[in-house]
Amino acid sequence: MTLKGKCSNNSNIMKPLLTVNNLSVAYAGNSMKEVLKSVSFKLYEGEILGIVGESGSGKTTLASSILNILPPDARKEGEIIFKNKNIIKMNDKELRNIRGDRINIIFQEPAASFNPVLTIGYHFSEFMKKSFTRGTQGNIDDIVENLLRRSGIYDTKRILKSYPHQLSGGQLQRAMIALSISSNPDILIADEPTSSLDVTVESQIVNLLLELREEFGFTVLFITHNLGLIKVLCDRVVFLYKGKVEEITDTKSLLERPKHESTKMFINDYLRLIS
Amino acid sequence: MISMWNELKRNKLALAALFILALLYLAAIFAGFFSPYRYDDGSIAYRWAPPAKIHFINVEKKIFYPYIYGYKVKIDKYYRCIYSEDRSKIYPVRFFVKGFKYKVLGIFSVNRHLFGVYGTRIYMLGADLKGRDILSRLIYGARISLSIGIIGVAISFIIGIIIGGISGYFGGWVDNINMRVVEMIMMVPGFYLMLALRASFPPNFSSAQVYFLIVVILSFIGWASIARVIRGMALSLKEREFVLAAKAVGLSDFKIIIRHILPHTFSYAIVAAFLSIPGYIIGEAALSLLGLGIQEPQASWGNMLALAQGIVNIKLYPWVLAPGIIIIITTSCFNIVGEALRDALDPKRKVFQ
Amino acid sequence: MIVYALKRLGYSIPLLLGVTFITFLFIHIAPGNFLSELKSNPQVSRQAIRIYEEKFHLNEPLLNQYFIWLKNIVKGDLGYSFSYKAPVKKVIASRAKNTILLSSSAVVFTWIFVIPLGIIASLHRNKFIDRFISFFSYLGISSPSFLVAIVFLYFAYISGLLPLGGMRSLRFYELSTLGKVLDVAKHLIIPTIALSFGSIASLQRIMRANMLEVLGSAYILAAKARGISNTRILYVHALKNALNPMITIFGYQFSSLLSGAALTEIIVGWPGLGQVTLEAVRKQDLYLVMGSVIISGILLIAGNLIADILLACSDPRIRY
């Protein structure tokens, strides 16, 4: 299993693309249990930032908050600043301009992310038509086929005509990645994109992400509980424990000199598991 | 099972519904006690009498107990009776009055009733065209309608569970044949089959025979759907470990079905039973409504509704719809309890097991 | 797809045979037949009775009678009706058409209400409108159709707005074609509402549940995250998925309405299969009863077949 080395730090390291300030989120019901508590971090342009934590630490909630796709009765406080605007306070129209266009997300279960009664091609054409209204050039079909080929799907015509249940997890995740890249977003959030795939496919997908990142230049927010992936992918890591940010540092420091107890425990558990 | 009951207790609406059902069945069992009059006791003088207004307090005459006035009858030019209150005489409503004799549980002869009036008639819900008390007929009718519901469902379910269990457990040709038969029965439109079966018997059956016939017809149509579901459950259950263990120990197939597989289907069966009973009650009501079921002078909610078919009657004597309202209430209660039970059994709510 | 349809069709044939046999069996298990009345009538000679018995093979063993009857069916002869003094086929034909008309109108009527009500209830979950609709649903489920029919007839009576049952007005044959259509439509209103009441109530709750489940699923969230508009998500993504299971239900609703319409037909006086069956029962007109049951059975099986095919069409997961 070969993984290409992580990208070298970019020169724009001083300019944060996304700033999260004291973000707190609580879901209704569950007696308003706070899932995220005063989370703060910065995402710099061009980097790959890892969000690490065990299950239930609030990683997915964090991703959902950035796109503001939480349930309407969830309570949100704090700021998420993107291009000088606070995402938390945006209205529907502004949000729709960001979602899919400037910030995109790929989820853990590729099969569950596609609508079972619509073809893959339909998902693409629907999405392209949305961003097309903003004046992108070229023939939609050609663009889509190019993207698919870039993502490692060569049998494009057949795939586009297929329904989600006819494709494998790996194929679906590639298609999902192609779909997410098609609007040339600034930020790509990857929420455990390989956790439900087998190991060989995992390395292919990770490599694909790195290649596409080199070519298209988007920033990646990579959410995972897999320290191995963090080690080879991410420049910096945010460690979440029970909704709170325990540590933010570069990968090397985190793995070699973890500061907090919880971080140490997490790393130890992980190392024990793989050794 | 007990956990089911505990869950149910939390749902106030379901408890209320259960309480109402209990009252209805109680009234049906002890019909004689709760009704002031016999179901066939009609007085032409009081035909289509409106419901009696019960007064409670009369300050001038210093009366503080419930009482009614008598009926003053005038016959208009269409030979209809116009009723008004005859304020000249006061009839107190008494409790535990002496009335007609009836048998409690078929054994004891008693003549006390829950309430009544001496000297005149009290029609709580009005009278029908023969002057019979609607309330009493409702209560006696409850005997027929409610019992058909329970007995019909019981028979259907017993047959359905046994056949479904055997079919699912053994699989193979037994299953095939059973399921083909089940499908065929389900493909015969229920109402038509009911009519057809009723057609095959002479129209002038005695009420007891008709009752038996209705139960048989309803059960025959009904066992098919429950059998199919139980068969599905048995199919999935038979691969579970406890069944394999029982087989390994050498338990006979019959015992396995009865002692291991069927008990797992009970909770589903009870929910389905509650939700099916209204169908049987309505089935009987429909047959009686058409004159093919319980005959006069016996009372059943269905044949009481037959009077409402003459639409004019609804306008002149709206209390003729009383059996319809009782049917709606009963059906609602069964549905509410059935759904509450189903929610209680929902695996998404189970904390244990 | 065609293969699937043909397979289901082929499967229906033995099903039909079984249905007819069961009905035949049960009609004949009963004591007495339509001739019993005649037999007890002193004015009818024994010879006449014997001729009838011969003609209708009443003295032969049961299975023989069944096969003779079956042979006739295949030839298209459903027997002879004693009360109408006409071939059963003729009596039933127009009645069956009327029943199909009523059932179809009830299905369409139901559909028109169930989808919007279900969507509204799911979008405003637990708010007032949802609870309001839910209350009426409970009421609707618990109201037997014949009661609803009676109540509506009552309202028609006092308001004078709608005809009190039947299918055609007295002056029907004098009306223009458009007038005729409108006339039947007016007569359709009450039985349609009575039939649909219960269905709307129960199906609306299912629609609401389906919508809620679909709206909470991952692909809807993913679509939202892609910035797809809420209207699009609702009508293109969510609705398609929520409707899929409903299509089978509607299909089966149609076929069950075909048989369930009988009682309402009788109350309202709609000249359909149900009404004619009741009359046949009252007169113990054996072949007419058999004919009605068979035809309604065929309609039921046909309806289910269409429902199965509809399901296969709409859900790609079943097709491939």
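Each chain carries a letter (A, B and C) given by its place in the written order, and its residues are counted from 1.
The rule is simple: contacts are C-beta pairs under 8 Å (C-beta built on N, C-alpha and C of every residue); 3 or more make two chains touch, one makes a residue touch a chain.
Keep in mind that what you see is a predicted model, and the values were worked out from it rather than measured.
Asker: Counting only chain pairs that touch, give me the topology of the graph as line, ring, star, complete or other.
Answerer: Its topology is that of a line.
Asker: With centres defined as the mean of C-alpha atoms, identify the chain lying farthest from subunit C.
Answerer: A
Asker: Any idea how many Å lie between the Cα centroids of subunit B and subunit C?
Answerer: One centre to the other, that is 26 Å.
Asker: If you average the Cα atoms of subunit A and of subunit C to get two centres, how far apart are those centres in Å?
Answerer: Here subunit A and subunit C have centroids separated by 53 Å.
Asker: Can you check how far apart subunit A and subunit B are, centre to centre, with Cα atoms defining each centre and the answer in Å?
Answerer: Measuring from centre to centre gives 60 Å for this pair.
Asker: Residue numbers of subunit C touching subunit B in their complex, please.
Answerer: Touching subunit B from subunit C are residues 14-16, 18-19, 22-23, 26-32, 36, 138-139, 141-144, 146-147, 150-151, 153-154, 157-158, 164, 258-260, 262-263, 266-267, 273-274, 277-278, 280-282, 284, 286, 289-290, 292-293, 296-297, 299-301, 304.
Asker: What residues on subunit C touch subunit A, complex-wise?
Answerer: 217-219, 221-230, 232, 236-237, 240-241, 244, 315-317, 320
Asker: Can you tell me which positions in subunit B touch subunit C when the two form their complex?
Answerer: 180-181, 183-185, 187-193, 195-203, 278, 282, 285-286, 289-290, 292, 305, 308-309, 311-312, 314-315, 321, 324, 327-328, 331-332, 335-336
Asker: Mind listing the subunit A positions that touch subunit C in their complex?
Answerer: Subunit A residues touching subunit C: 67, 69, 92, 95-101, 104-105, 107, 109, 112-118, 126-127, 130, 163, 165-166, 179-180.
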